[in-house]
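Order as written gives the chain letters A, B, C and D; numbering starts at 1 within each chain.
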């Protein structure tokens, strides 16, 4: 079992020094997601305006993979138009569900490519996706709220 | 499998010509017992007076074993003092639960000895005991009613 | 081994070799003639071997275990869910819930679908007790009314008063696909549509259908469907509830405990979505794995072929039974209109006695009420004898049955 | 294979040979070091073989089937009930009910014991979710109040306010015998007596105790006790509810369906007495048979010997874990006061990451909340790592764990 393919340096760096951590204002939606099997948790806020992800702030408890994924996710989506951020989400999801067969695109996923190895550890895929799922949920709610 | 040890002539005779069948008055207690696995049913009345089983009347639906057992049972208990009838019941029960190892006493069980072979067919023991259990239940209730 | 009938499984002798128990001999060295498959089916070697391999090499608890064995066990268990989803043609694997048996699946629904005074639940008079008692209890608890379709003299559902029975207050219409007593195949598509038309949910009890017919939940248009593992060549201890995902996620939890939660505090808990919401505690893991192997086995033979075999054997059995004097079959007399369980009466001999004499000849049938007392009451009988075939049944076994019935008549000195 | 400790099972190497999975190698050819037995235990060959023999030779439905196979299957199933009765020292075999798992047994009680506004139910903060959520749901339904014993800093029940908690309005006191997270062994006799004194019923969750300790329901003085088959070297899909016969027969039915009835009409039904009243539908037959073989296996080794082994291994493990820098054990630190599940934290490494690194070395432990979120919350942690041993665990496996923990520290570059 190739531990190093799971625990890439980039992942451990984000784990030790997570980006954009902490809950901030303003936000249109806040969600709380849990991984019921292991108990990892994330509280996440999204602030959208003019079709752009202005901020994503979060508070999370969990393993290195789930913490690093949250950090990388915020790097990837903050400042992006919502539809582009959704596309990035889709690409990350495909990578995670690919069982190690999908080749990640560094142009799109940046530090996210470090998670390619996680896809080979089925039990950890949920860890990597927790904050992404929370982000998608919060974003959908923000959009719903603004559209009425 | 020795079918003939199960279906003794005596049993088939009682099956075809059951004794004391039909519901009669007077009675102090009436019970309805069911064998839930196969659906055999008996409705049974007991008339006691002065410590003696004056009458046992019944209506029953069921297989040859259960019908014949009801018929033989009434022959054995009607006219007997209650405590003697209970002893006979005990003896019949012991025979049925003996898995074929108990030697029946013809003095006590009369035609009941024909059921010795039934004890070797575990699935049929319940058939042989259905009406006896109903009789015991009805008798207990009659006694309680008269004492209480 | 002479008779061949159109529709029989071509490799029947090969198939029989898959079932180790069929080689057994009983008392007096008699070969087993197993005609009690509607009660429980026998298991092919591959199901047993798959379970053994799981227990000997991959056993671990699922979901919660992060180690390699845990991953293997989880994959095996969740893989079985995929197999069930494919077997019933479910739109989503999340719609497949593993239960203990069909009975638990029906109780799950009867406990969680909201009912109140003024509502009604419609069942039928030919249901198995497991599709009657849960609804009786639910109606007692809630004050809802229990109604039912009657049965015609020829063993079909009496739909003449259907419009009056299923009305705007109906919340549930629950019915068997194939009757375990009468063999009747019910119009499940029509009944489901009728339920939908009044805004009620439909529940199909496919316990007898899933072993014998291709099941396609989408095609039936039903909302829920249940079946039980041990009748589909799988192990005991496992059943299936399929339900439409939106409906499942709208139901409250059934049992509380491990695995069905999202989060728990002493004050309150929140619950996972389907399927996990309804799978509290350690599920029947090796049983699900065994069921997966069983459904693979059936799919490999092909449910159309299984069905054709059943029809051929049933037709042959109906013919054979018709030759026995004093024997009358309960339920439809045309094989095309029925499943493979055939209940009958033999005049002058009580069903237990029939079963006993048959058993002495190695022929295993069921006698009693087959957990369908109301259907028996409908025909004025308290019990019956029932033969039921399956994909391993041969025409020669039907001959053995008929012969044993003749012997029964002579043993009890009937004409 | 050098260390020998007082109390270790003398024939440990022979016992290990009974468990085929222990010969498995994992990725990179590493031998399996299975330290997740509190999650589920491994199965000895004799349990697997007994199940196979049942499926290959004696498979039939029970009770209802009158043929020879039916008699054999019924005898095997009811024989397992006798074995369970003997294992827990039950006064009567009728007091033993087979369920799907411990969770179903606890839900059965929470659904059938009558509760109302003004009543209360007392549990503890160290319960498994399966002994919390059913009571939360029951209290929500009935308006009863849920109360709980807290946990002290050293992982024992806080009994200081026991007189206030368990009062004349208490209907149920439900508690675990051995905590699956903290390992704490609770004073089940005292708690049962406390319940009885106020007229409440006591419910012992023996899921972690039954694998490890001699269980004697009469000696504990409790009213109900549950455990689960897969933790006592038996299969999944089977659990046990033991209850006092008079109490069981006073409870209403749980699930409705086949086998639990006395008689059924469309209008109403009446119900059988315990145990059948609570065993609706085809029960887990081969699973009960497997559990019977499992309990025979444990009885053959002797539960006192199993317990002594557990104590020896646990003491050795506590010593070993104490040598790992930054590691802190949750729960009692004295082996004599605890069971064999040891949860711990390793400073600077999240439990999932601990489990992952250990798994790469073949050491299987559990990480997460172990279905005991409130107990974790009590200690201000969200999850932990847990090693749990059983009768096949060797001191060398504990050494491998400790070594793998050292490796984990170095992998994550901790001092």
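Before moving on, here are some points about what is shown:
One rule holds for everything that comes next: a residue touches a chain if its C-beta (ideal position, glycine included) is under 8 Å from a C-beta of that chain, and two chains touch if they have at least 3 such contacts.
Since the model is a prediction, treat every value here as computed from it, not as a measurement.
The set of chains touching chain A and also touching chain D is given as C.
Chain centres here are means of the Cα atoms, and by that rule the chain farthest away from chain C is A. Annotation: 32 Å between the Cα-based centres of chain C and chain D.
Chain geometry summary: the mean Cα position of chain B and that of chain D are 45 Å apart.
Chain C has its Cα centroid 37 Å from the Cα centroid of chain B. Residue positions 27, 64, 66, 68, 70, 259, 261, 263, 352, 356, 359, 367-368, 373 of chain D each touch two or more of the other chains. Looking at chain A, residues 1, 37-39, 41, 124 sit in touch with two or more other chains.
Chain pairs that touch, as defined above: A-C, A-D, B-C, B-D, C-D. Within the complex formed with chain D, the residues of chain C that make contact are 20-21, 24, 26-27, 32, 34, 36, 39-40, 42-43, 47-48, 51-52, 55-61, 64-70, 100-104, 106-107, 110, 125, 128-130, 132-134, 136-137, 146, 148, 228, 230, 235-239, 253, 255-261, 263-266, 268-269, 280-287, 352, 355-356, 358-359, 363-368, 370-371, 373-374, 377. Partner chain C is touched in their complex by these residues of chain A: 1, 34, 36-39, 41, 122-124. Chain B contributes residues 1, 3, 6-7, 12, 37-41, 61-65, 121, 124, 127 to its touches with chain C in the complex.
Those residues of chain C that touch chain A in the shared complex are 63-64, 66, 68, 70-71, 74-75, 259, 261-263, 272, 276. For chain D in complex with chain A, the residues that touch the partner chain are 27-28, 350-353, 356-357, 359-360, 367-369, 373, 376, 382-383, 411-412.
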